[in-house]
Every structure is written in C-alpha cells, then in structure tokens.
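Some notes on the structure that comes next.
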Amino acid sequence: MISRKKLLSDFKTVRKASIDMIKPLNDAEPYIQPMADVSPPAWNLAHTTWFFKKILDWNIKNHGADILPDYLFNSYYEKLGDRNPRTNRGSITNPAMKHILAYRKVVDKKIISLISKVNDSEFNSQQAVWPNSVGKGNLSFQIQTGINHEQQHQELFYSEIKNIRWQNLPEFREAYNKTKLPKSEISRKTKFITIPCGTYTIGSENGWAYDNEYKAHKMHIAEFKIQDRLVTNGDFLKFVEDGGYNNPLYWLSNGWEFVKKEKLNSPLYWYRNKSNAWKIWTLNGDKDLDLNEPVTHVSFYEAHAFAKWSGARLPTEHEWEAAAKHLKIPISDSNLVESKILHPKAPKPGKTQMIGDVWEWTTSHYEPYPGFKEFPEGIGEYNGKFMDNQRVLRGGSCATSKNHIRISYRNFWPANTRFQFSGIRLVIN
Amino acid sequence: MISRKKLLSDFKTVRKASIDMIKPLNDAEPYIQPMADVSPPAWNLAHTTWFFKKILDWNIKNHGADILPDYLFNSYYEKLGDRNPRTNRGSITNPAMKHILAYRKVVDKKIISLISKVNDSEFNSQQAVWPNSVGKGNLSFQIQTGINHEQQHQELFYSEIKNIRWQNLPEFREAYNKTKLPKSEISRKTKFITIPCGTYTIGSENGWAYDNEYKAHKMHIAEFKIQDRLVTNGDFLKFVEDGGYNNPLYWLSNGWEFVKKEKLNSPLYWYRNKSNAWKIWTLNGDKDLDLNEPVTHVSFYEAHAFAKWSGARLPTEHEWEAAAKHLKIPISDSNLVESKILHPKAPKPGKTQMIGDVWEWTTSHYEPYPGFKEFPEGIGEYNGKFMDNQRVLRGGSCATSKNHIRISYRNFWPANTRFQFSGIRLVIN
Amino acid sequence: MISRKKLLSDFKTVRKASIDMIKPLNDAEPYIQPMADVSPPAWNLAHTTWFFKKILDWNIKNHGADILPDYLFNSYYEKLGDRNPRTNRGSITNPAMKHILAYRKVVDKKIISLISKVNDSEFNSQQAVWPNSVGKGNLSFQIQTGINHEQQHQELFYSEIKNIRWQNLPEFREAYNKTKLPKSEISRKTKFITIPCGTYTIGSENGWAYDNEYKAHKMHIAEFKIQDRLVTNGDFLKFVEDGGYNNPLYWLSNGWEFVKKEKLNSPLYWYRNKSNAWKIWTLNGDKDLDLNEPVTHVSFYEAHAFAKWSGARLPTEHEWEAAAKHLKIPISDSNLVESKILHPKAPKPGKTQMIGDVWEWTTSHYEPYPGFKEFPEGIGEYNGKFMDNQRVLRGGSCATSKNHIRISYRNFWPANTRFQFSGIRLVIN
Amino acid sequence: MISRKKLLSDFKTVRKASIDMIKPLNDAEPYIQPMADVSPPAWNLAHTTWFFKKILDWNIKNHGADILPDYLFNSYYEKLGDRNPRTNRGSITNPAMKHILAYRKVVDKKIISLISKVNDSEFNSQQAVWPNSVGKGNLSFQIQTGINHEQQHQELFYSEIKNIRWQNLPEFREAYNKTKLPKSEISRKTKFITIPCGTYTIGSENGWAYDNEYKAHKMHIAEFKIQDRLVTNGDFLKFVEDGGYNNPLYWLSNGWEFVKKEKLNSPLYWYRNKSNAWKIWTLNGDKDLDLNEPVTHVSFYEAHAFAKWSGARLPTEHEWEAAAKHLKIPISDSNLVESKILHPKAPKPGKTQMIGDVWEWTTSHYEPYPGFKEFPEGIGEYNGKFMDNQRVLRGGSCATSKNHIRISYRNFWPANTRFQFSGIRLVIN
C-alpha cells in the first residue's frame, strides 16, 4: 500500500521529468514520426496526459480537464473510443506543443487535487494490485498505473529521439545528451555461471506490477549456465566479419526473410565512415564503435542468429528470471536512466549485472502466465491483447527508470524490432 | 529399434497410399495452387519423393534415381540448394504427372533395394532417435523420417484438395470422398474434467519422434479443467450470432486486424445458401451445417476469440499433453484418416477423445523444448527454424494417419491459418 | 455489308481455329494462370463462347444455351453482371475442358441457327458499323464483333501458352509449334524512308472496325523518316551490351522504376545458357538468339529507352498510320498467324513491311479519336473505359490473323507489358 | 531577350515571395510531409535554392555557396547525383529553417552578383529559348528557368499547406489566409460557345517557355463547343447526389478501381458536418459549400466521370488552347495568386475566363510535341522523362502567378491527383 504523500511525490516527479526531457528538442522534432513505430514526442506528451485524463473521467463528473480530443491521443484502446490511426500521428501539427503543455497543466492540477481530497476508502479500498477494479474506490492503483505508463513512454522517448535524429545526415545530427560518454578501458573476458536446477518462483508476488507479471508461479528449471556479462560490440563484430548476415543456416526462417528484405548487415545505428571504420550513432552523438560496450539495437532475429553462430542459445524468460533471483542481482548500481548516460556501459571486471544497460532478448514468446487476468475495465487492453507473436525482453536498459524496473518485469516487442535498447546475453546447457 | 521387415512394409504402405489418394483428381487438379500455402498435389508427390532421393544421395554414389531436378522439389532446405519459390509451384506444368510417377517408381525401387541390402551396422548403427547423425550408418532413422514426412504431406493433400475444389462454384464442386457422411444424432452437452495439479512429463521419451518432441522433461502444472468434448458448430454459431466477429474486445490485437482485413464472419468453408441457411463444404460435398459436429477450419485467432467470449481459455500445449496423459486417451477408436470419413464426427456420449477429428489449437507459441537439438545435417531445417510466431496444435485430425500421431506430437501453424482441420477445446481454471 | 454466307463461314472458321489451337496442350495447361495478365487457355475458350452467348441473350428468349455460369466468364463488363476476379481465373478446375467444349457446341449451334433464320431487317437493319445499337435487328454487327473478339483471344492464347511453358525449366519446356523455324541468312542494314509532310486520314472510314478506330479524321503531319525494317535482336543487343539497362538517362521516370524493381537486363524470354551465350524461348522451342530477327517481348519502356539511346524516337500512332498509308503497305505477304511460324522473321532485303511479325510500340497514349462513340449497350465497355495510361501498338504480329488486322487497327497495352509480341520501329525527324 | 535589370528584379521578387509565404506557419509545419506527394515547406525552400546553386556550379568555380548538401535537396535529377528518397523528406529535422534561410541568403547574393557581373555574351549569348545549352554563356536562360521553377514550387506550397492543415481536426485547423473570402451572389447559368473548325497554332512560338511547350505546330481542330464557365460545386453536387460515385458505368476502368480502393464519395476537402451539411476546407478556413464556386480538388478520374454523367466530355489540351486563342482570353483580370484570394471565385455573368481559378483537366495524356527537344544538360530531366501516364491541365489556378502562366502552359499530374487546385470545363461536339 502506497501513501498519498509518496504517490503525490511520484506523480509530480514523473510528470516533471517528461517536461525536462523535451527541452533539448528543436522546433520540428516534437512532431516527427520517421516510421510507424516511432511516435512523435509531442504525441507521447499528450498521450500520457490523456491516460491520466481517463482516470479523471472514471472518478469525477465534469472535471473540466477535457480540453484536447481523446480521438487524437488514445493509442489502441478499442473500448475507449475511436482513434487517429497510429501511422497518422506524424501528420498532426495542431494541437501544437503549447496546447499540449496547457493540457498537461490542467490535468496535473486536477489529479493532484483528486489524490489529496479523495477519501481513504476510495484512495485504496482494496489491495491495490491484481485483481483490481477500476472506477471509484481504487485511485492509488489507477495513479500508479498512470505513472508506470508514463515511465514507459519516457523510455520510448529516448529511443524515438535517437531514431528521429538518426534520419538526418551525420553532419546534421546533434547529440541529445551533451555529457561526454565514459570511455571503456578494459576488455572483459566472459564466463558462464551455473544456475542450478530447481524450482523457482516466476512473476510478481506482491505490490503494484503489470497484470502480465501475475500470477507468480513455481517452475522447475533445469540446470543451465548464463553469461556473466552482456555480448559486446567486439563479440558481435566477429559475427559480422564471419559473414553471419549472409548465411541462412544461422537464422530462423522469418529472420532470414527479414534480413534479406531489409538488406541488413549490422545492428541499427552502426555505419562505416569514409575510411571504412565502424562508427555508431548514440544519444551522445556519433562515435567510434567501442568493442567493449554491450551490443545494442539488434532485433531478436539477430540475437538468435548470433547465439546460434556462437554455439550457445538465448535464455527463456524463466531462465533469465531464475538466474537474476538466484544471483540476487541488485538494482542499485545499474546503468539506468538515472545515471544520465543513455548508453550501455562496458562491463567492469568481476561483477555480474543483469539490470540496466540493454534489454535482453529471451527466446520466450509473450504469453500469459498461469492464472493471468487482464487489468480491469478500460485498461484491460494494456497488455493482454498483445500476447501474440512478440518476444519477451528482460532487465531494463540505460533508458529505464530505477523505480520502474523489477526482476519480474516483462517487456515485449516483435522479433524484428531494432530501435529499442535491446541486447544479448547467452546461455548454454 | 525397427526391423527391416517392418520398415519395408511401412515404406511400401505409405508410398502406395499417396498414389491411391490422387486417383479421384481430374486432369487439372494436380497442378493448381490456389494460394501460397496450398501446394499443388503433383508437387507434393514429387517433393516427398525428393526427400527419399536425398536419402539415396546420402547413402549411395551414382544411384541413378536423379531423374527430376532437385530445384523444383526442395521445399525450404537452404542447405540442400536453390529452390523454385514456393509461390511459383502452381506455374509448373512440366514435369507432368507421368514424369512424377516415373520418378516415384525409380526412387522406390532404389530405396527398397537399399533397405534390403545395407549391412546391419549401417541400417541401425545407433539408437535411431535423437540425437542422430545423417550419413552412412543410420538408414532406419532416415527412412522413418521420410515416411513420417510423407504422412504429413498426405494430410496436407486432403486440406489442399479441399481448398482447391472450394474455389469452384458450388454447382461445380465435386465431393472427393463419395462415402456418405454419418449423421449426428444427438447433441452432447459438455462438461469440464479436472486435471489435477502435478508434475507431468512433456515430450517423447523414446522411439522415433520429431526432434521438436525431444527432450522429454518434467513440468509442474497447476490444476485446471478441460472440456470433455470439442467445441461444436452449434457452440460456435452462437458466437457468430452474438456478433463475435464484430466486437474487438474478444480478439487479440493481430487477430482483430486479420478479421477486419479479410472481412471474416464465420469459419472457412461455411457459407449461406440462397435461403440464408448455413451450409458447409466438406470433402464429402456440400451439406447443411451440422450443429453437433466439431467446428473446424478456424484460425487460432478465432479459437482464441471464441474462448474469450465463452469466459474460458485455450489450453497450453503442456496442459493439453498432461490432460491426454492423465486421462489415458486411447488412439485406437479415434476418427483418423483410416476411418475414411475425412470429416470430424459429432462426439458420442460418455467418452472423451482427444486424438483425431480436428487439431486442437493451444495457446502455446512453438518453441524448443529444454535441451532441444535439431535433427542432424541436411534435415536440421525440418523444424527448428520455424520456431517463431507460430502456435502449436495437438491431437491430430480426421486426415492424420494412426501410425503418425502421438500424444507428444506437436503440429504448428501461423495463427491466421484456416485451411487445416483445426478446432477448439476449452479449459477453465 | 457482309452476307449471311460469308458471316457463317467466318464464324465457323474462327470457332474451329480455337479448338485446333488447344490440341498440343497437356492436361494441366488449359487451367494455369502464371500471372494475372495471362488467363488460362480454358478460360479463353469459355469466355469467347460467353461473348456469343450474350448475343443469344440479346436476340432470343429462352435459347437454352445457358449451361455455364456467366459469373465465371464475364471478363470486365460491369453492365453484364458480377464476375470472378481476374486474378482467380487460375483457381478454377471445374467446369473442366469437357464442360467448356460442350458449352461451345451448344452455343455454336444456336448462333448458326440464328444467323440462318433471322429475317433480313434484323440481320442487317442498318449499316453495321459505327454507331450501332445492340438488340434485335443488328445481328451481323454483333456476330462480326464476336468473331473479332475471338480472334483477339486467339492471339492472346499464343502469348499465354508461350508464357505458361516459359515457367518450366528449360529441359522441361516443350515447343508448341513443331515446325522448324526458318533460319535468317542475311543481316539487313536499315535506312530511313522519308514520309512527306501532309494531311493524312487517320482511322477507319468504313466497314466493321472497332469503335476506337472511328471517326476517321484528317491530321496534318510534319515530315519525318521511318525505319524501313524493324529493330533487330542484333540492334538491341548493342543497347544491352552498352549498359542501356543501367543508365537512368535513357529511361522515362516510370520506366526506370520498373526496370529497377523488376531487375531487368534484357527482353523477356532472353536468357544466357551455361556458356553465357544468349538464348531465347520461342513457341518453336529454345534457340540461339538470332541477331537478324526483329526484337520482341520488349515493354514500351524498353522500346522508348532503346530509341533514346539510338538518338531516334518512336513514332506516334498517327505517324505510323500515315507511313503505312503513304507507303501502301500490303497485308498479303506479311508474317501473320496464317504463315504458321509464330515467330517474327528476319527482314528480307529491299522490302518494307509494317504488318505482321511484331506489334510496334508507338509513343501515343491510347485516347479517343475526335467524335469517338463507344460501341452500344452491353459492349460499350469493350474499349472506351481503358483509354487511360496505355500505349498504342500498331501493325499486328506473327500471332495475328490476316482477316483481323488493318492499317487502322489500334492495339493497346500498359507500358510495362512484355509478354506480347511487341517490337520496335524507329523514326527520326 | 530579357534585360539584366528586369531579370534582377524578377529574381528578387520571386525569392522574396517565398519567404513571405512561410510567415504564417507554426514551428512544425515546415517539416511535415503528410503524404509522399506533399513535400515539407522547408524542403521546398531549400530545393528551389539548390536549383540556383546548380546555376552557380555551372558558371563559377569555388563559388562558396555550397553550404547545404545537394543530396537532401535534389528532387529527381539522376544526372545531378544521389538523392534522399522523396518519401523521406518528412524525416529531416536538420538542416532546420535557420540553416535553410542562411542558404538562401548566400545563394541569392551570389546569383545577384553573377547576373550583374557576367559579360554580355555570357548573359545572353544566344536566343535564350529552345534549344539552349547550359554552361557558361547562357545565364539569362538559366535564371529564367530557376525563377519559373520557384514559381511552380510556390504554387505547390499553397496546395501543400492546405493539405498539411487539413490533416488536423476541424477545431484545430487554422486558416492560412486571414482575408475573408468574397461571397458569391448569383448563380450563373452555363452555355456552350462554338469554337470553329480550323487550323490552330499549338505551343509557344517565342520567348522563354518550358521545353514541353515547344515546338509550336499547326493542328487542324474540328468544330466543338466549350463551356463558358467552369463546372461549379452545385453542378458537381448533383453528380454526387445522383450516385455518381457508385456507378461504374461513368468511370474509366482505372478510375473505378481508384474510387473503390480509396472509398471516395466527394471531392477532396468536402465533408459533412454533424448536421449533415456539406462543408469545405479552404486556405481561408472551413466554410459552407458554396454552390456557385467552381468545383476543385477533383482528380482526372472524377472530372472524366462527371463529364460522362453530364453527356459531355473533357476537352483535349489542343482544343483548350484553340479555344483560349480563338476567344482571346485575357490574363489581366484573372483570379491568380496576385489577387490573394487563394480560392476559386464564382463566375460573374457574361464573361468567359479560362485563366486562373482552377487548373482544367484535359483528356490529353502528357506527350511531347512534334519536334520536342529536352532542355539541355542538367535540366534535361525537368519535363521529358515524365511524359508517361499523366494528364495535361491547362489555365493556371488561384495559386498561380500572373507572370508564370501562359495560354500555352502545360501542367501535368497523374490522373488520381486531388490535392491540386484542379477543376473541370466541359466540351460537346
């Protein structure tokens, strides 16, 4: 159970963070959608506000915060009305940022007032986790969901602005993060850590978490060995140089189709300069490919092909979670968004960290856990309807917030997704 | 370990069956490919022969059976050379049936001779199951794989000729099976049988089976209840009449896109006659929709939406297998291809049968079992590279052969597949 | 005005020719549609019969020849009811050839009877040309249209069976025409013949002709010079070898898109054998590229690019017609279908022939002539609605019938069409 | 021959006008590309500057104005180097407007200096029209071409900003032009004016004009009658209300496919408000459909279908030009961009005006005139390579500049284009 004070503080923190994030943008960038997957930053700002506005709708009559049309900012909730098609978000130039910022202010004020004034039983009438019911009487659950939702969009924002600026020619690409990236000094050898056979608890056992993390359940998992660090650019470069992108025998059938159709031959944001040296685009600008840094912006197909080429494999999401729990992986020293690097860091010797840096592709398709129940009412479409033909990623990235990530957290994307901070950790039997 | 005598007998039986199956076809039908998924019957006849020809290649030099080009009849094996694109199979009119039948005869003769003459150590040098190595010295494994491969294509043939004839106008559609279909007499109520919580063995423990059924492994499965019969046309018609195809809230997101794009409003092969009565197309001709028969030719998306509408869900493939093992489901009295009905039968009272009639969609994406190893060498691409964005179906259908199906058998198709004999069995917690 | 006797004779001749043409086909070939543009031969046979069946509909009540469904064999006439989509013609295996041949017999008998029995005023109540009215009282016009329609489909048949057999591997391609092709002996130099400035009559002045050939009108045409023979394979090979397919500056913008998308580098049916020598596929089988023969199976885009590369241009359709009329080009000694070669012949010295061999691309888009009126009633959609984004070809080909072609004849295809017997004649100013 | 003084003045005027036009834009609008055909306004500003930069390249070594990459702003000139694909123009956020405005300033300064300083023989060494050669010695021709090019893009700008703002919801669409639109008072009946049979000169006889307007040539044109005013919204509404969009018999075959695929049922920018009344979006904001104004934003297909429904037809481009010349249509009192209305005006009684208001679709495909020669060198791709599958429009629109339009001016767009100010004038025989 969360206190009003903590909830108010969390709410204000996350809402302010979104505003701070857009400060480095130029005039055009808030409105640009370079591909269907990448929503314009202005849309993200309005959409996260719309989510809180729906909470107002569920709790207050005539709240007066209805100043922008739901039609434009509902993402995919069939139950919540018609929507502007996702592919058209980049055609909207008005409402402009000034309207969207005004919208945020009005909604924020109403939400803060609502949190403060609602009576105790409505603030937290029941245990604010799964299963819940939306509507009057469960406000703390609703607000926590809205906060987590906005944190997801903040992470998306970083991958989106990275992609938006990537569209420009190198000489016109500006770094988003002016901080100089730390240099990696040493090249860390990898080894595999044995995770013993046993029965592990998978999923979230209590507290606010997404519906897809419930119910926690026991699973028997056979012994396996997991890499003590992420796959690096140097590791992946060997695959590239060995012709990995040209040999169908390393690839899943769909992956091979994807690679041929898109004519891929390296991770996204890798390119060669005129001297044929590998460079990469980062939120800190273009730089030389650092062989010690974790590889990122690979699709599941590339991760899977790399693993097969290596003679290893990717973990299942259950193995990943079992390993993280067995190894008692801490969150505290991870490279998450709070470290303000926005790029994965080369691993230091000795320590195994599974949280932060890059999301780790697992071989598990995204499916419901035993006993899964969708979030109630209007947000029932949050997760469940997407449990089809997607792969689970685990562990958060350098763009994920510390109070958003959990060992049980299940991220998911289609197997051909490359614009996320996604990477690779291998396992062997 | 299989004996030479049994293997020879199995080989001859399956090879003859393919020839018998094409007897009812008209001149054109062997060559027609009405959609990319449906290969022409002549192609199937040649492709299954090509598979045995590859076994000759692996075991005999200059065998002399190389009379048709591999290029046309290799399906998807990157390792085994270039291929005519799958979508172009329906453009090939030569080699014609006469060449293909001659090809079959030559290859059959050489295979029979090879089985008879090879020495014992090469016939069965090692345990002929997983893991194996292709090449000299493992013939019994190779031939068994070829037999099973041909049985799969025989099942495909039935769904393909059903689809090919469906393209014609009703007045020009000829029944493939002249036998009169048995009439269903009673409408059987359904109930749910409890499958107790426990640890179940999933997968094949010994004998020849596909690589995807190995390794057998233990899984803890929570208690659930499974339907004692398949979902019927009558059950499904209620969903149709309740507007199930028009309500996005029942559907997975991709399913809803699929249904809207294809403008679906009933299972494949259902249609209304001029009096607005529901009819269906079967291999026995057009007939009135029989409400007591199991529904079939539904995609995974339709099965999933139906389950959600029902307040139930589909089983995982592990639950399905656990139930079949727990209930000691027999194969002997199933409606399989040997019963020569080629259509699912209405369930009789009292008995629960999970084998035959229709393949049952499970909610499990097709993934490797723990410790999975692909078939060796040339047939390593048989299963593994397709473990991506497909759903597992279990139990065989009225078009599956009795000595092909097993409780551990894993069929798999993309979620939008409708031309297979696929159906629905629900579970609840 | 045509006599009954002549009309009966023409009708019987053309109907018999269609039957003779399919004799060399194997079982499958009548049903195959290798691409949307290429209709199955069986469909052509039924469609041409359907056209005469519509004439029965317009003239006789309850004629009893309605034994196959219009739905399957109406091509594109919106006014005449719903149709099986063109892309699905290759999915129809029933009605099979036996039904279609029976359909032809019934319709033929009724048409012959109708021609014989109708009274004079209904046979030919008005001048049987433009403008006409369909319905009782204009039978000779209708039958002539049906005959010409079938002749067009006979020409299509040759290009279709050529394309159908091309889909097979070279070792399985059978010649349609068993006659040995004549060998070209001499390489004829080309020269340009001056066509004087003047006023020319364009279009058909009397007799049955398509609506698109009316009204004849006067046009002032400036002096130009036209090639005295067709462009040969040898001429075109120089363009190929000069990198013509790789230089965008020779191409129309749409042509360049087309060439890049389809990865073209030679005319259709050209290929290199294992020794890298150029071969071509003909209805007489595969043979060495004969440098003296007219190039054929080029799209308008290739013809236009070749002309630009040559420093010349293609004629307008009016220039072509003016030249043919000025030069008094005869039809009698042309290489048309009656010569049974089915392949363009190398030009002999001295003579200029503009009829036969290959259709000649002109630079004219297909547009109505001044005063154009569509054919009446049901066949109004024959030509008019296609006057959009197509190019006119003139002169007939080795697959065109002698009593079908005229100097004023306007053929038309989209600019990317390659499966027709299309070729090139250049002009300069 | 143009004087330096006049050329300098024209250059400055047109360059300033482009800057004035973007003043009403918000921050985002310069960068938005709502569909492939609509380039972002910022791109237009840079592209027109790039065109003048190429003139600097051709005339001066090391001119120093090369501050933005050609790659981004070359539109379609294969000869002038690689290009950012047209569909990606809306993904470029940098160079931003500030860079583009700086680019314009630098190039303007250099061009002004070049015009002033070049010697006479290089300014105008030959008659500055067709045919010309680019390179030193023909500056006045080059600059005139650049000016006309920019005027074309200014017209495009108006249609683009109209389309960009249309993407927003009605309540967020801002008028570009704050001037109140004049109200139409009277409904003018139409009549048809006879244009006598005769020989007319078609094309430009002297002065700077596009290559596609040369050579002027004589054409015999039969008598026809042309509408004395444009087709109005009121006229077109009758077609809409008569089910014109639902009857295939009015449409060209490709047009019918287009209308069905796009589900069209009215001109672009027409919509119904909540009371079901017709409204239209204009650059002056949303307003009631004015039945007396000329209809605009119709595709050629809609124009052609309307004409057929009316029992009339569209003119050929030659008929249009003959009529304008015969009727001695003045330009002086036309509704062109200088009138600052940016919307077609209802016709006044008595006068026939064929210039301005809306571009008039003709039935002529865009083809070269007899004796056509492309512009020389780098700008040879300006017009010629697009002479394929487009239709000619004549007469200019309310967005065309007075010193850009001519009677002989040939505009051209694909037949499905709707975002231009295109309209309809009928003819009858």
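Here the chain labels run A, B, C and D in written order, and each chain numbers its own residues starting at 1.
What we mean here is this: contacts are C-beta pairs under 8 Å (C-beta built on N, C-alpha and C of every residue); 3 or more make two chains touch, one makes a residue touch a chain.
Source: prediction; values computed, not measured.
Q: Using the touch definition from the top, list the chains contacting both subunit A and subunit B.
A: Chains in contact with subunit A as well as subunit B: not a single one.
Q: Common contacts of subunit A and subunit D?
A: Both subunit A and subunit D are touched by no common chain, going by the contact rule given at the top.
Q: Could you tell me which chain lies farthest from subunit D when each chain's centre is the average position of its Cα atoms?
A: Result for max centroid distance from subunit D is chain B.
Q: Using mean CA coordinates as chain centres, what's the gap between subunit B and subunit D in Å?
A: Centre separation, subunit B to subunit D: 60 Å.
Q: State, to the nearest whole Å, the distance from the C-alpha centre of subunit B to the C-alpha centre of subunit C.
A: Between these chains, centre-to-centre, one finds 46 Å.
Q: Counting in whole Å, what is the centre-to-centre distance of subunit C and subunit D, each centre being its mean C-alpha position?
A: Comparing mean C-alpha positions, subunit D is 38 Å from subunit C.
Q: Could you check subunit A for residues that touch two or more other chains and list them?
A: none
Q: All pairs of touching chains?
A: A-B, A-D, B-C, C-D
Q: In the complex, go through subunit D and note every residue touching subunit A.
A: On the subunit D side, the touching residues are 26-32, 34, 69, 71-72, 88, 90-97, 164-165, 167-169, 171-174.
Q: Tell me, which parts of subunit B touch subunit A in their complex?
A: Where subunit B meets subunit A, its residues are 76, 78-79, 199, 217-220, 222, 248-249, 251-256, 316, 363-365, 367-368, 370-371, 381, 385-389, 415, 429.
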